[in-house]
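Here the structure is laid out as structure tokens; the discussion comes afterwards.
Chain IDs A, B, C and D follow the sequence of writing; residue 1 opens each chain.
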Amino acid sequence: MNTAVTLCGIRMDNPVMGASGCFGYGVEFAELYDINLLGSFSFKGTTLHPRFGNPCPRIAESNSGMLNAVGLQNPGVRQVIAVELPRMKQFFHKPVMANVSGFSLDEYVQTCALLDAEEQVGWLEVNISCPNVHLGGMSFGTEPAAAAEITRAVKAVCKKPVIIKLTPNVSDIAAIASACEQAGADGISLINTLVALRIDIKTRRPVLANRTGGLSGPAILPVALAMVRKVYEAVSVPIVGMGGVSCVEDVLEMMLAGATAVQVGAANLVEPYICRDIVEDLPRAMARHGIEDLNDIIGGIQY
Amino acid sequence: MKQGNYRVLSNRLIAHATWEMVLEGDTGSLKRPGQFVNVQVPGKFLRRPLSVAAWDNATLTLIYKVVGQGTDLLTRCRPADSLNLLCGLGNGFDLSPSGQHPLLVGGGVGLPPLYQLAMDLVKAGKQPHLIMGFGSSDEIFYEDLFRRLISVTVCTVDGSAGIKGFVTQAVPPKGSDYFFACGPSPMLQALCSWLPFSGQLSLEERMGCGFGACMGCSIQTTLGSQRVCKEGPVFAKEVLIW
Amino acid sequence: MNTAVTLCGIRMDNPVMGASGCFGYGVEFAELYDINLLGSFSFKGTTLHPRFGNPCPRIAESNSGMLNAVGLQNPGVRQVIAVELPRMKQFFHKPVMANVSGFSLDEYVQTCALLDAEEQVGWLEVNISCPNVHLGGMSFGTEPAAAAEITRAVKAVCKKPVIIKLTPNVSDIAAIASACEQAGADGISLINTLVALRIDIKTRRPVLANRTGGLSGPAILPVALAMVRKVYEAVSVPIVGMGGVSCVEDVLEMMLAGATAVQVGAANLVEPYICRDIVEDLPRAMARHGIEDLNDIIGGIQY
Amino acid sequence: MKQGNYRVLSNRLIAHATWEMVLEGDTGSLKRPGQFVNVQVPGKFLRRPLSVAAWDNATLTLIYKVVGQGTDLLTRCRPADSLNLLCGLGNGFDLSPSGQHPLLVGGGVGLPPLYQLAMDLVKAGKQPHLIMGFGSSDEIFYEDLFRRLISVTVCTVDGSAGIKGFVTQAVPPKGSDYFFACGPSPMLQALCSWLPFSGQLSLEERMGCGFGACMGCSIQTTLGSQRVCKEGPVFAKEVLIW
């Protein structure tokens, strides 16, 4: 039985990854279990400069999901390299995925170049989709031309595989994925969160200080699956699928739709051992569904 | 932090819309008063953070107010039901900086963590005094239990019991030299300017995870950004920026 | 206490409506309770010609929601006028909303013109969003110019208020709503379902025979609220809000976001009395939240 | 149709992955064998349609196979738990066109509706014969109960009990003049060409509502489009298009 997959030339023991923003720098989970049993994880979105992010409340609840408006809180790329990566090295011994955000082409390029040079970094995951920041990535992710431009710019400074992470808040995600592929993207990661709002009827204010936030969790799984499939049919680079994954069956469904690797986001927050449990359940689930090699099912829906 | 299933021993109404639940299970991860648990509520996506009011080797007590759907669902738990908890979250109160006469100030369901704290302070040979604030007399809980341990002043906003007004209407005992507080944010803010000495405050913030993974609860302090669930919920008065 | 609202000049006793496709022609619900207690309802999407719709399975489940790919099954506008409307007259005595779909501008125009002439019809709700039909409304709803074109064409043949129903599967729903308003739309209705996919891991086939379907139900409420708010800030015509509404608090949240009337869709299918219950809960909920007149809260989030 | 809360009286495993649940509540909306209920499963959005295997004034019996999350959750119901049902859905079997010697054919969990049907046919003075089909002997349920009423032939695909093979391997009693069938779609299709006489078949389709509101279950028949939940689930052999 084979659970290993290869993502942009890097072999992973299994396709299960923690999603950016839901796995910190791994520290909190490494206190609970050996996170080396994961395929890998994508660390908290990193920007050129430190960011405090949005004011609280940053979290709201919804049916089978949650809204967040964290606003890309992170200590900035230099601190990540100086403090977080060395600390991570003590407990995580696999290539990690570096998630990058920015507010201009130049910021993306500088941040990616710095992280590309780090030995621990296996892939760059360029988030052109975060819907929380007013002047943020949104614009890059909703226009094929802009998405292509950022892809080209980042590719020009990186030796490591560059995976572009897309927003679902668009009319035609396949067009954007294709534009990224043509501009040299080594992979496509999707979906980020859906733009969402909750209102506190008592106070008549939005629950989130930032007003809107991003919806994630099991509620969005069917939307993510549709988009992963649509992109799978449009590009030939590998896909990192995510959105609502919270059990081993969801991982298999995501792979059937077209994902080579699968990230687990919000589910980690409410079930801290979920990624470990999924990795442990994987062989049993494969046996149950007659899967000998996970690679056989990638994109394998039958019509 | 420890995840586990806890067995409900009792779950009862102890004041207006206020319930006390006693759970049985592994309390080994609880180190300090003021720590909290994050309770999985079947049917809700996010867990609900609740302070631990008291614990021993095998049981822990939660006191919660019904304010929304999650806490309402909790009232339906019956003895022998099982609840999944993340236990032993947060830093909790640090007893060491306290003088001999600490003042405890709790508003409504801010009081629970002060109960274990009061027991621990007494055990450490201190003489705490408690100011309890409520909206109205029907919301009062644990007054007797606290009075068995320490001296208590009660305030109610509507004057239906004790001193009429907010907790800041009470007069702290002479010699009070440090404070520990938990309650609604405006109360905590008022305390910081009202009380001339140092102290620790337990904050509330909406949480994604409760164990430091999501940055959902970060606040700005003089120490930089701090996660209420991890570096907090208890912060020294001096580090808070209002 | 006032629960009445006015939608495009027509007074409704309350803002609660059954959503199109989830309330049939009212018959099934009229067997259960007096549906005249509703504000109104929008009947099953009507096309010029009869349609059988998609093959089964047409329904799949997801977390806090469902996917449907019914594919606009309906007996065609002439049959609706000859059979359904006269039957409906026996048990429903208020203006009803006529939901219209089409596969060409001309079909929309003809169908709307025929329904506009029916006395029972209060409003036309023009669905330019149904994601299920391969050659369907999708194209009209994703481009502002196409949405405006259809609005103008329908307006030209209708005396009754024309409400355009939008798809959420777009990058900028406010731009499309504005285009419709400028083209003469009397109101905007949103959201229709989100494009979604579920895969049966046992058979490795999509659960739905149509492959993809539309996601609706409580899972999508926060997405709907964000879009209603965005459109509310962009247009001045009234909004019919829907998407995941399943209790009286959701109705209030939708109105605070900007809706004048609120439709309940998927929730009717699993709780057949839900619309009645919401109407009955409305005064109590208003009292609880200090609302004297529902009109006071439309769009009334405080920032 | 009637919506209501029903009290679980019993819920037990009766064969491999097959459970029988007896519920107490209003059965007034049940008129014919072959009607079904739509069961709310806490935690799942859609209800689960299940045939009524038997009912009397105050109770009804469901027999369900665990095939996914919803039916798995149902196994956790304990006596005194309450389940919300839409009861009395669908048309059910029409006994009137049957001759004196109806043949009943049921595959797996297609058998439940045939139990009440068998009782009603016997009461109407007919002499039905039943062919029961299962995958394997450990899946067999209700054989004794059926045998107390009528004559029975058992088939199993793996030959572990009765005739080896599908139900079409059985030989219908001489004089059989009509049939009633329920089971997997390929079985029903095979029956229609196998049996030379007329009959009624109960179909399954994924459902949104179960009471005719959503068009989620429509199939093409010679009568035009028909909703399996409303005009069905029972259809005359002649109207079905395979």
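The rule is short, and it goes like this: a residue touches a chain if its C-beta (ideal position, glycine included) is under 8 Å from a C-beta of that chain, and two chains touch if they have at least 3 such contacts.
This structure is a prediction, so every number in the text was calculated from the model and none was measured.
**Student:** If you take the chains that touch chain B and keep only those that also touch chain D, what is left?
**Tutor:** Both chain B and chain D are touched by no common chain, going by the contact rule given at the top.
**Student:** Please work out the Cα centroid separation of chain A and chain B, and write it as a whole number of Å.
**Tutor:** 36
**Student:** In angstrom, rounded to a whole number, how far apart do the mean CA points of chain A and chain D lie?
**Tutor:** 46
**Student:** Could you tell me the distance, in whole angstrom, between the mean C-alpha positions of chain A and chain C?
**Tutor:** 33
**Student:** Can you list every residue of chain D that touches 2 or more other chains, as numbers and ranges?
**Tutor:** Residues of chain D never touch two or more of the other chains.
**Student:** Of all residues in chain A, which are in touch with two or more distinct other chains?
**Tutor:** Only 60, 62-65, 218 qualify.
**Student:** Chains as vertices, touching pairs as edges: which of line, ring, star, complete or other describes this one?
**Tutor:** Contact map by chain: ring.
**Student:** Tell me, which pairs of chains are in touch?
**Tutor:** Contacting pairs: A-B, A-C, B-D, C-D.
**Student:** For the complex, which residues does chain A have touching chain B?
**Tutor:** 21-24, 27-29, 31-32, 44, 52-53, 56-66, 68, 70, 73, 207, 217-218, 266, 268-270, 272-273
**Student:** Quick check on the complex: what are the chain B residues that touch chain D?
**Tutor:** 42-43
**Student:** Any idea which chain A residues touch chain C in the complex?
**Tutor:** Its residues touching chain C are 60, 62-65, 67, 142, 169-172, 194-199, 201-206, 211-212, 215, 218-223, 225-227, 229, 244, 249, 252-253, 256-257, 289, 297, 300-303.
**Student:** Could you please specify the touching residues of chain D with respect to chain C in the complex?
**Tutor:** 1, 3, 40, 44-47, 86, 205-209, 211-220, 225, 230
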